[in-house]
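These notes open a run of structures that come right after.
Presented sequentially are two complexes of chain A, the first with chain B as partner and the second with chain C.
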Partner chain A sequence: MSEDNLTKPAGSRSKGSVPESAQRILELADDELILGWRNSEWTGIAPFLEEDVAFSSIAQTEIGHARAWYELAAKELGTDADALAFDRDSDDYRCAPFVELRLVPDWAQTIARHWLYETADAIRIKALKASDDPDVAGLAGKIDREEAYHRIHADMWADRLREERRFTEALDSLWPYALGLLDKEQRDRLSEATGREQVEAVERRGHTGELRPLWEEMTMVRRSIPGAAW
Partner chain B sequence: MIWEVFRQEREGQPFQHGGSLEAPNLAFAETYAREFYGRRDESFALWIVPREAVEEVRDPYVADVFDRDYRRVDGYSLKVKLKEARELAAKNAPHFPREESSAISDLESA
Partner chain C sequence: MVTAEQVWEALAEIPDPEIPAVSLVDLGVVRDVAVEGGKVRVEFTPTFLGCPAVEVMRAQMAERINELGAEAEIEIAAEGWSSDRITPEGRRKLAESGFAPPAPGAAPTTLLQIQEVISRCPYCGSTDTRLENLFGPTPCRSIRYCASCRQPFEQFKTL
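Take a look at the complex of A and B:
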């Protein structure tokens, strides 16, 4: 099927028309969806069976969290989670470049991102739990209970690979990206948690060239059959 | 390294073998065990044991060559013994009608 035959996403909207509060929720949702998608690329090819099951499960819960955030944003925007996840143009996604990077088949980089992401996400979720919006605070609390397992998993790997050159090099190269995940005022806490100096962050505006191919694959069914559900 | 995982479904219940997994150390074993046996809230507690720590005993029977089935927890059946006793009584005292061998009848109705 050629791209021309695919319908224009029904729910696509320009950034300007989305209120700031929904925009912030979409950042979270898009981060979780795209990272969940990237992590799921390891399903079937993770280094060993036990890890394959565990990492796939983590990918699945990230996507579940994305769904929950999309549902919250959808209430405000008068649409639904699937439309937000799949019917926007790739340029309208609000995810950080950090989660877009395709790291398969490099396990050291994958674990470096996983650990940096979970460490940053813990800081972000903690702040969200204190949100004035009870829906946001409530959902952050629920998500945090599942994220606790992700942190156990990420910390165990980081501890195991701490001395590995490939892992520390991966941390070095991904660090500016990881900083871009958080608001500026939260970045000191990430520095503290990871023992790393602040550097210039790869910010959330704009996308890497790696998002588009992911988006093509991820939205293929919805673009072929508008409103497709399964 | 192979780890055996035992799970307790509810508090107070006996632990039962859930399965085994491979992990390089206890931290990994625990993380994977949580994923495999705890993700769906199906376990109250887990025991994670290195396989080498488990001593397997094959053919653990203590020879039981004499008839001491009364030592078994399920006791022993009277049925066969009664039949033998009845046959023996009939053989040794053929002139008594069966109804009159009261000792055995009493046992039987007990």
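Take a look at the complex of A and C:
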């Protein structure tokens, strides 16, 4: 089996006008942008100051990774990263429903998603590092080293909350969403890494009702003052 | 005609936008300088991908090169930055300004690896320090605490 999930055949949401390889990169970029946005919602209100700093920093790194993926896709599509991040309609985003969920102010759910996401993302990044496309493999390598700090943070919290009922319930409810982050052939590895059985996944095709309000807030300046620079 | 050496010297005078005590050359973000006629091509590699200082660095480098009378072309290198690229001079300047330099080697993969690293307090020199937060005010820094002089300090992450 090829480790390179950028060479997979077109998915159900592919649009004829955008090449498949760029679509695949947009999935990664959109996941990181939307999750980065969700993580940033903890800025100022995390349970304690250390986590306020942690989630703000993680959000910044995820959005930095999104920018790097958007820049790569933009080269192929002849546009720029900001246009891809902010000028598409919310229906055209390719993120998984998993990252759309607004989980503030529930800390147990936030940590559950953080841990599931980082565990799944590690599997995905490993595959991307073996991509035939040197730009993709190179960027995945850079991202992987930065993500190590996110994984350490997520593992530390998952370990601390492992016996807590609210945390295990959050894992149960988010698990089908987490599976939807990965290609089908990568999901066994996520089961193995998390010790959870395969269930029906919430796939990356539609969007939850939670994306639209986020999109409206995120693109507000861009939409109200096209071309604004600051 | 400008020489590569002159360009390196000019870039070595640009302070890092977030830690002005060290220059872009000290930090190892400048990878390569190539001069072709009146054109200078700089390959640089920002510390973290989410570093908000990237555009400021890029603009400052272009400005200095223009001052030397050459046209600047600033490109991001394919290869990523590693904290081992910080020069010995850069490490010394970091410590003098209250930042513990990064532990050498590859990025850690477990909390244990980070906890096992002996980190010296940049204020009193004690190694009786502990990790307070993996994350800090910028993506490239963690927060530590010195149990000896009771001073929190920032540690450059190993990347």
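The rule is short, and it goes like this: the second predicted complex is superposed on the first by the 215 of 230 C-alpha atoms of A that agree within 3 Å, B and C clash if a C-alpha of one lies under 4 Å from a C-alpha of the other, contacts with A are read in each partner's own complex, and residues count from 1 in each chain.
Rule of thumb we're sticking to: a contact is a pair of C-beta atoms (placed from the backbone, for glycine too) under 8 Å apart; a residue touches a chain by one contact, two chains touch by 3 or more.
All values reported here derive from a predicted model rather than from experimental measurement.
Under the clash rule set out above, the superposition-derived model of chain A with chain B and chain C contains a clash between the two partners. Residue contacts after overlaying the shared chain place A:I63 against chain C, while chain B stays out of touching range. Note on chain A: of its two partners chain C and chain B, the one contacting more of its residues is C.
Using the contact criterion defined above for the overlaid structures, shared-chain residue A:R162 touches neither chain B nor chain C, since it reaches no partner. In the superposition on chain A, contact of A:K126 is made with neither chain B nor chain C. By the document's definition of touching, of the two partners only chain C reaches A:A148; chain B does not. Of the two partner chains placed by the overlay, neither chain B nor chain C lies in contact with A:K184. Look at A:A54: by the touch rule set out above, it reaches both chain B and chain C. Of the stretches 5-13, 59-67 or 95-103 listed for chain B, only 5-13 runs into chain C once the two complexes are overlaid on chain A. Applying the stated touch rule to the two superposed structures, the overlap between the chain B and chain C interfaces on chain A comprises residues 50, 53-54, 57, 149, 152-153, 156.
Residues 48-52, 78-80, 106-111, 114, 132-139, 143, 157, 159 of chain C are the ones that touch chain A when the two sit in their complex. Those residues of chain B whose C-beta lies close enough to touch chain A in the complex are 21-25, 27-28, 31-32, 34-36, 39. Here chain A touches chain B in the complex through residues 48-51, 53-54, 57, 149, 152-153, 156, 159-160, going by the rule given at the top. Remark: chain A residues 50, 53-54, 56-58, 60-65, 67-68, 134-135, 138, 141-143, 145-146, 148-149, 151-153, 155-156 touch chain C in the complex.
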